[in-house]
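Both complexes shown next keep chain A, but they swap its partner, so chain B is in the first and chain C is in the second.
The block that comes next holds the complex of A and B.
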């Protein structure tokens, strides 16, 4: 794993963006997340790793209250973004989700044009006063999503007609079009080929400048490549959380070591 | 070959490998059963097609005569005296009939047809000429005193004779037709005085009395069906779609919603006559809405169509991939925005198809109409005005067909078959629209 340049990665920001304390998640009778406390830094890529079913995606979905859409899901504990409790009664999840964008496992562009895919979020949040404003936002988002050069000549073509990797970058561009502060990514590369994965990873590294990025991944190599902080989940518990370099070279918990050396998971 | 390779491998006591060139017993059995299954499938499809063809052929061959009728061309010059005389008599239409017979006789003589034609014979050959003439002159009094050429329908038995439904040897002498009349009919037919023409009365007309099959038309009941379908469309589509969106996207999953779901499925299976009796009890007896009105028919059919629309709409909403909902919620759309901006457009083709199929089902429904009085001889013709179309007594296409089929005069039988063709044309049109709409909406990725 010496090609991963772990030592070059260090956390540039010390401000906590998201602070979760004693979070419990239940699916009906199943206790899916057990007492997880974690602090996610601003302008940092944080990776959640762990075997399937360990709760990393569930925890990620707590951060923008996507679990609200699941009837039987119950969340307890305290999750704060910039000090505000996002499960407070006064918080509207719709506003929260504009601030905390999300990219999903499978690229899911809307069955609309590329332009409308990006413009949808700004439109419903009223971020653009007129068409010209909207054009600017679309171009900026597509540039940040590192896909502008590939699609600038066919903004009216359907988003579903792009290749898998392009679709996923379109989805990332769509997520950042609403000017979020946090970007959640749920295994964004699991449906992509290695070349598209490399492009998306490069993009994630660039996004770190402006956003706090949380990425769930199955691939430990990916976690090592893109993240500065890593959290290892196992059976609903947060086993270990720390600098990516430390987790991969010198894990303190024997379970983490077993996982990253391939003995469990 | 197998043995040789085994020997080469040096494993003499290994189990004998079978050759792929030879099909073993087990595979043969599987292949046989597959062949049989394919044969069954083909036989089933062939049977279905056979019945479909028999149905189509019998409908078309029985129904086409309804679209043509035998007419008599005659020129009549009604004088004011004749008119006043006819109007002063007790049996007015028969006075008009005499005018017709006189004109007809004159025409035959002028045409050089040396026929010994009895007046009675002409009367039997001609249909309900008297009432048609009277109606014409009442509406157009200015035409009195000038020659007018009429195309009047011949008697329905003459009609049947000329289109081959009635054989000469089957004719029983009666006051309607005598066998000897047919010679004259043949001669008049050859001379071109009696001829076959497209029956616009059947398309445009209203129902007629039991003694006048020639004058019966389906037009008024097409209008009745149209107003009924308007009611069904404008009630069941919004109610059905709103109910399904709420149940599918917003309602919590609990015992109460489960109960509602089960009951909707049950309602879809309730026989339509039950809805008819419900309509009679609620809409007519309790709410005192007018009897035999398309409004009530539409309300009853709405109740019947709603479950179909709800079930098909929910199925098409369910078929929209959840990733689209996630994507919309993920960029901060509200639940309603995600449904209306993304889910509903994708479900649209399915919703439209379900709705049109539900409407087509309602269009062909007869049983509930029996109970709310939209069947039988509805004496009224066309409604006067749009609003009245909903509340004036009328019939509907399937009910009209039922009425005709139940009448004693066999001539109405043709009309029933013809009505079925018209009904099927409407149904096929609606299904075509459903297919076109589905294609159109699906193309928008």
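The block that comes next holds the complex of A and C.
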């Protein structure tokens, strides 16, 4: 990375949104995440990078307890969002997921109309008082998802009929519609072409104003472009975590340097 | 020579050809299979195929055509004057054939020798006597032209079959030699075998399709025959089903409406039982059950599909019927006269259909991509919200297909209806009354002793045709639904 701009990028907030301490994840007998501690700041884009199978997606899925849907997965340790332990017995994972939205690797619009895709979350959580209210939420979400202009004339068309990049922005808009505080993105651009990727990246940068965004990516350029903080995972360990500019220009761990220069991974 | 032996000889030639072709190809390549275009066994199979296929085709064609040819030649020998009053040439030919078979059997039993059987001037009375004494069926009096025709038939057939044996063996040997000649290293035996395999598969597929077409044609012809004897309007719009078996003819009322109504009513009751239970158990099995429960419960549920329908019929007759009577019968609510009713048959048929609905729906629900569920969970939806609003809508076309398949099963079901619903054809809304269905009436119309050419028997074909059209329409509709919506989430 020869982009010196990176070092100058400022972090707009210093409040910790998510604090994870000594997190261990097991898939059956496999120890997938080993003792990871990380603090994720509010209104910041945090990138998780690392070679395939290093545990970055697994760790991401711990943050909204999506791993609960996998039978053999076991999570230990302490993860707090706004100081609240999300693995506490009193926490309802369903409510948690409304607060911590997620965008997946492959665009997965529901086989419903564009409108119904966006309205899905608000309807479930009762966010709209009436139809007009719902219309407002749908329009606002689509605008924030930077896709309103493309779909405003065909809100009743199926969401599956959109192009890949549009589908992914629709999914981001769908996640925004439930008004989450944290947005988790699991390789959101890996199924998209460069133009769609650029659109989604621009969108992520805009989302930073309102949300804490955590993005898993295989593309180091993408991490450098969109994030303020970067965490490097390797073989289930969190190797290094810090300012994006510093990670890419002056990593302190030799393994990070090897990875970003392409020697391991 | 019996056909069985002939077939064995052809197989033996093919087997020898296989060995010869294989070894010729190998030796031509100097014993090194790498010098051959194909593996050595392919050369063997090439020879075997060339020996077997033409020979068996010839055999089959000969067996089909020879009787026609011989019959037409022999039937020319019977002068018109010989055809009795009220008889026809074809009936006479049947007589001739019976006599010829009788002669064959009589020789086998030793009551006459071959020379006697061949003697065209043999004493008719003596022949008849000997045939009768050896237990052969001689229906009418044998006349001299008939005897001569029968003798001619025997001679011609015997000659034909010997020629056939020789021709088939020659074909097999010629094919084998042709194949062996070809077995040189450059010959592409593998490609030939590939063609052979393809032809075999095409043949299998065409047999299935042609049989269906044949069944359909026989249905159509008999239905047309029925409508010649009975007005179509009365059949389709008649509200009375009262076939007369007295043989007077013309007094039967064969309206299909009561039967269609019974079929429909029982099917609706059955689906009302099977669809919710089947669908809910499919959702439980695919979404909630742990893998251990699923691995036990799913096969158990599918056992239901393996129970013969007659057993369900017994269950309806002996268990469900009396149970319903004890609740709705004279001692209870007094809605029900006897155990055989629409309700009895419908409930039991519904139980029979559960595995159809659940097993198909289960597969379809499992085919909904996990990404759909993840997307919904990721938005904070609960499991049942996800199932209701995402999984089921995505799986709906397949589920509709499953339900329509179950419906066509219900419409075609016979045994449960015969035992559970009674035999009275009536148009009524009371589900506790006995009714009957199209299928049950087909059985009773064909198992009676009505003349096969009477409308009372032929109506079975019209009923079968009606049923076929309805289930075909349902199946096409199911396919259409499934096709139309299938790619929605892909």
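In the analysis below, the second predicted complex is superposed on the first by the 259 of 265 C-alpha atoms of A that agree within 3 Å, B and C clash if a C-alpha of one lies under 4 Å from a C-alpha of the other, contacts with A are read in each partner's own complex, and residues count from 1 in each chain.
To be clear about the criterion, a residue touches a chain if its C-beta (ideal position, glycine included) is under 8 Å from a C-beta of that chain, and two chains touch if they have at least 3 such contacts.
What you see is a predicted model, and the numbers here were worked out from it, not measured in a lab.
Chemist: If chain A is used to align the two complexes, do chain B and chain C fit next to each other or clash?
Modeler: clash
Chemist: Quick one: is A:98 in contact with chain B, with chain C, with both, or with neither? Answer first, second, both or neither.
Modeler: A:98 contacts both chain B and chain C.
Chemist: Return first, second, both or neither, reflecting whether A:136 touches chain B, chain C, both chains, or no partner chain.
Modeler: neither
Chemist: Please work out whether A:195 is in contact with chain B alone, chain C alone, both, or neither, and reply first, second, both or neither.
Modeler: neither
Chemist: Taking the superposition on A as described, I'd like to know which of chain B and chain C A:157 touches: first, second, both or neither.
Modeler: In the superposed model, A:157 contacts neither chain B nor chain C.
Chemist: In the overlaid three-chain picture, which partner chain does A:120 touch, first (chain B) or second (chain C), both, or neither?
Modeler: Both chain B and chain C are touched by A:120.
Chemist: After superposing on chain A, which of these stretches of chain B ends up overlapping chain C: 79-87, 151-159, 169-177 or 187-195?
Modeler: So the stretch of chain B colliding with chain C after superposition is 151-159.
Chemist: Same chain A residues contacting chain B and chain C, which ones?
Modeler: 64, 66, 69, 71, 94-98, 101-104, 106, 108-111, 120-121, 124-125, 158, 160, 171, 174-175, 178
Chemist: Quick check on the complex: what are the chain A residues that touch chain B?
Modeler: 64, 66, 69, 71, 94-98, 101-104, 106, 108-111, 120-121, 124-125, 158, 160-161, 171, 174-175, 177-178
Chemist: In the complex formed with chain A, which residues of chain B make contact?
Modeler: 252-253, 321, 323-334, 337, 341-342, 346, 444-445
Chemist: Report the residues of chain C in contact with chain A in the complex, numbered from low to high.
Modeler: Residues 290-291, 369, 371-382, 385, 389-390, 393-394, 488-490 of chain C touch chain A in their complex.
Chemist: Can you check the complex and tell me which residues of chain A touch chain C?
Modeler: 64, 66, 69, 71, 94-99, 101-104, 106, 108-112, 120-121, 124-125, 158, 160, 171, 174-175, 178
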